[in-house]
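Each in structure tokens, the structures are laid out below.
In what comes next, subunit A is part of two complexes: it sits with subunit B in the first one and with subunit C in the second one.
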Partner chain A sequence: MNSSLKRFVKGNLTLRGIALFYIGLLIILPVIAITTEAFKGGIPNLWKQITLPQALFSLKFTFIIALIMLVINIITGTATAWVLVRYDFPLKKTINALIDIPFAIPTVVTGMMLVVLCGPRSLIGEFFGKHGIEIIYNKPGIILALIFVTFPFVVRSVQPVLIEMERDMEEAAQTLGASKFKVFFHIVLPTILPSILTGAALSFSRALGEFGSIVIVAGNIPMKTQVASVYIYGEIESANIQSGLGTAVVLLLSSFIVLIFLNFIQRWSNKYGK
Partner chain B sequence: MSGIMVKNITKKFGDFIAVNNVSFDVKEGELAALLGPSGSGKSTLLRIIAGLENPDMGQIFLTGKDVTPLRTQKRNVGFVFQHYALFKHMTVEKNIAFGLEIQKKDKKEIKQKVEELIDLVKLNGYNKHYPSQLSGGQRQRVALARALATEPKVLLLDEPFGSLDAKVRKNLAQWIRDLHNRVNVTSVFVTHDQNEAIEISDKIIVINRGKVEQIGNATDVYEHPKSKFVASFVGNVNVINANIKKNHIVITGTKEKIQFKEKTEINFQNIVLLIRPEDIIVKDNSTEDTVPCIINGIYYRGSFYEVDLKVGTNNVKSLVPKEDFFKFEWRKGTKVYIRFRKFKIFEASEGHKKVHEMLKQLGYIE
Partner chain C sequence: MENKTNCVEVVRKQKQAGKWVLISFVLLWFFVLIIFPLIGIVRETFKNAISVITSSLSSTASTHAFWLTILITFVAVVINTIFGTIMAIVFAKQNFKGKLFLESLIDLPFAVSPIVAGFMFVILFGPGGWIGSWFYSMNIKIIYALPGMIIATLFVTLPFVAKEIIPVLREFGIEQDEAALILGASQWQIFWKVTLPSIRWGLAYGVTLTIARSIGEFGAVLVVSGSIINKTQTATLRIHDQFTDLNYAGAFSAALILALISFIILNLIQYAQKRKKRI
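This part shows the complex of A and B:
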């Protein structure tokens, strides 16, 4: 018997037992359920489901859209955190509080807001429509919805690191001849990079599974604007659980990869310590 | 003139005048101390020299050039920060190489220079360590090596020993003095510790409330303080209330007359005497110019004894050599006589309270 097991047996069994049972019931059981169900027909069968043209398109589409969102979010999120920490301006506290709004608003409402704001009959929608750009019911709308929904992740993970970061490190770089630009790239960026990546990973995994806002703004045309989560929903609606399972497993696997990635970042940034 | 010249520098933060029309110069190759209590403006002054703060008025000359309009990165000054400010995500050698890499120096040249500096600061074998894996003293040495890498003509150190423990501090101070002598550089360091300033600097600039109180070498500042502030801040000092009567001094609460031979004319009655503990001679018997007093407390300090005395209404501290102690078997309550080797007279009304408050803050009196 190894030591951790010994300790487990010796200690208060009830509390730990309940905790383990609860976590098992809540998290592990559903994951096991969907995985066994997906693999029941064998791997070739699962692969067939994943590579169905519609399923495959929805997966590719989801990843591409999420990656575009990611690039935009990393830049705007980092810049927002920077401005909020380093500059003073009127209403700063209010604006800081507003950052969290996307987390608080139901995503369906987010979708509706975007339709009202940028839909074909709105001022903005009409303007872009004249120039041949369709926002809502097309890719820009989906990206817009994803940016909105995941915006706080990068800002909120970078902000505390920037606050804590000692200014004298930047000043030291300046005295050594570094311009403001070089100070940012050699000193600030490496310091906040782990937190940028953490925020990015969280927003990426959130974007992969986003449903509520997208189902409203996307138009959901198969092979054109249908994301993976909406595809799964459609298959279930038409009592086609088997063909939705393949896509679901891919999404699940992606989330696990993001989790491992987050763990890796944590270790990497701990290396420097305080 | 090469070296550093500070000319009429004034810096305000809102209504607060941090630096008030300060001028001084440090000759090439000198090691100067900016000495003052916290909040005196000494760190701000150092940051202005480096270009990290912009002065509201005045000019800074480095090696003869007016650098006032230049940004920090163009001034080529080495700066050692109080909390080291090492780049946490870089190894020791990367930290040291940073300035050279910014200058886009040849890789081979950088490698050689870094090795040289690591050798100079005695951190051989620590090349690949991260700052978090080093002790305080080691970090300080990395900070120094990093600042010296670009061969600056001017080295500025902000409380360089402030966050180190006493023993490391003492060694490092002496080591910095030696290093300064070896490297061709003009240095200024900020400190609130008079011992550090006296120990290692060629020149001491005493700053109080944003103004220069006195500039001179250690002996000048310690033996011939120009103001009450300097006398009390630099070194330990007793503050004794007294009166002037005709041509002698009478300490408050006593009757004995003390002659004084100072040439300066004194035209006030209530005075304070500032006397360093080592300038109070404790004797067993009364002679000319002695004042009787009672021993209040005796503290063993290794090579000497520190004796608290009550003179009239004043409490004073004195340093007594061991031999005297064993000869006379003094103990608490013994009546002894003291004589002053030398003292400084300042007018009592002028800020006497302030001196007292400050001494209290510094822990010299209770």
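This part shows the complex of A and C:
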């Protein structure tokens, strides 16, 4: 008995060692390596790389379009989850199944689909082109690509909460004469807010880093339609490692901030949600 | 009394109207965003003659690219299933200092840009990197070669299996493990007879997600591979290459195949998810 317990503890330690080794090799070490490399030339130099006009533009541009995507996705994602949970209508099951398509389709293919659909040669593209609006190779195309690739996040994080939510409070408010909007904003929204924020944070971090669909859709003109990840790729390709590193470190830092934010929401909803 | 029923009636009618406005809005959004693009890609592919499609799909470069994608996906799935399960067991059943921090680190691959991911590995495993220089001195190339592409794919798919199993294991508890242990089972036996049966559908779900992501990965693999035709070009890299070369027949037919594969995987995912919920 004693020896089998000893073996058990030893086995546990071995497993822990393997897990730590894997995380260390694939996550911790690469992060440390890129950060060390970025800070090698000193902080002033790193700052200079980040604030190069092209780099700074790409970062600002990335954050702005990600924010636009976020607003659209929070509204449409919550609406979609609501409709899928609360209403019955034809094709509901199919639509529910197809929501995840953006996760399954390779991002390059996403980009090409949007070019086919809205590019200058397409019906939609021609129509908007006549009115002087360029979708593909310009900002609307990038936002469209981001909305597509991040669409499932908010839906899939709000949906389960809506399914489990008790409806007696809503019904009580309604019989007492509260309007639909009042019921939604005072009763439903507070309950699903943590899940909306979780979905939003996930889609925001995805949008900040998105590359495959954007590189095809954006035209990637520096200082006009070049996002941060495309800028970094260009710098790596032309062997300007240092200037790529500055932007990469900023993106990496944003990812960490999103992770911390996600942990915070989780703790917050565990505390007050029950 | 009558007044009250009237009130309920009005509320119900309002609700009905609002309901259909919302439903049609969501349906419209859904069709514009997901269905139309899918139809578009099918149409664009079949604008070309079938012979053009088949010849471009059966070219050496294309078949090589597809085989490479299959190989990388296979290796990534095997390795990440093993390590993902180990990580899940450790985080769900053990307690140690820094566990919370490490567990949230597992999510990093989801939050980080694939380009930044690729960049990290170029720096760590490149000829001048801490690990890379050591391998280069033994004449083993990692970046711009297969090992680097596998490592990049491992990174972007690292969380899937672990994240799917951890909650299942937590819910399952450790009582049965303890019982088995007291009855004299070895750890290996506990894993096969107690742990595995409880996590198998969560595992299946994680594996399908890993497959989908490995097949579709583009940015990270692009940075570490250099996208050399017939050498380090995967299916997605090949599609991108053909698309930028204006070879639309090749690009769209290959894209359609990947889209079809994704669709099949999506169905598998949904199946695994349903089974997972049932157990």
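For this structure, a couple of remarks:
Following the convention adopted for this analysis, the second predicted complex is superposed on the first by the 258 of 274 C-alpha atoms of A that agree within 3 Å, B and C clash if a C-alpha of one lies under 4 Å from a C-alpha of the other, contacts with A are read in each partner's own complex, and residues count from 1 in each chain.
By our rule, a contact is a pair of C-beta atoms (placed from the backbone, for glycine too) under 8 Å apart; a residue touches a chain by one contact, two chains touch by 3 or more.
Being a predicted model, the structure only gives us computed values, none of them experimental.
By the document's definition of touching, of the two partners only subunit B reaches A:K182; subunit C does not. Of the two partner chains placed around the shared chain by superposition, subunit C is the only one that A:L15 touches, whereas subunit B remains out of contact. After overlaying the two complexes on the shared chain, residue contacts for A:K271 are found with subunit B alone; subunit C is out of touch. Once chain A of one complex is fitted onto chain A of the other, the partner contacts of A:I28 are limited to subunit C, with no touch recorded for subunit B. Touch criterion met: A:P190 reaches subunit B, while subunit C stays clear of it. Using the contact criterion defined above for the overlaid structures, shared-chain residue A:E171 touches subunit B, although it does not reach subunit C. Residue by residue along subunit A, subunit B and subunit C are tallied for touches, and C comes out ahead.
Residues 174-175, 177 of subunit A lie in contact with subunit B in one complex and with subunit C in the other. Interface of subunit C with subunit A (complex): residues 7-8, 11, 14-15, 18-19, 22-23, 25-27, 29-30, 33-38, 40-41, 43-44, 83, 86-87, 89-91, 93-94, 96, 102, 104-124, 129-131, 151, 154-155, 158, 181, 184, 186-187, 209, 212, 215-219, 222-223, 236, 239-240, 243, 251-252, 255, 258-259, 262-263, 265-267, 269-270.
In the complex of the two chains, the subunit A residues touching subunit B come out as 166, 168-169, 171-179, 182, 186-187, 190-191, 271-274. Interface residues of subunit B facing subunit A in the complex, by the touch rule stated above, are 50, 52, 71-79, 81-83, 85-89, 98-99, 102-103, 130-133, 143, 146-147, 149-150.
Interface of subunit A with subunit C (complex): residues 1, 4-5, 7-8, 11-12, 15-16, 18-20, 22-23, 26-31, 33-34, 37, 76, 79-80, 82-84, 87, 89, 91, 95, 97-98, 100-110, 112-114, 116-117, 122, 147-148, 151, 174-175, 177, 180, 202, 205-206, 208-212, 215-216, 228-230, 232-233, 236, 241, 244-245, 248, 251-252, 255-256, 258-259, 262-263.
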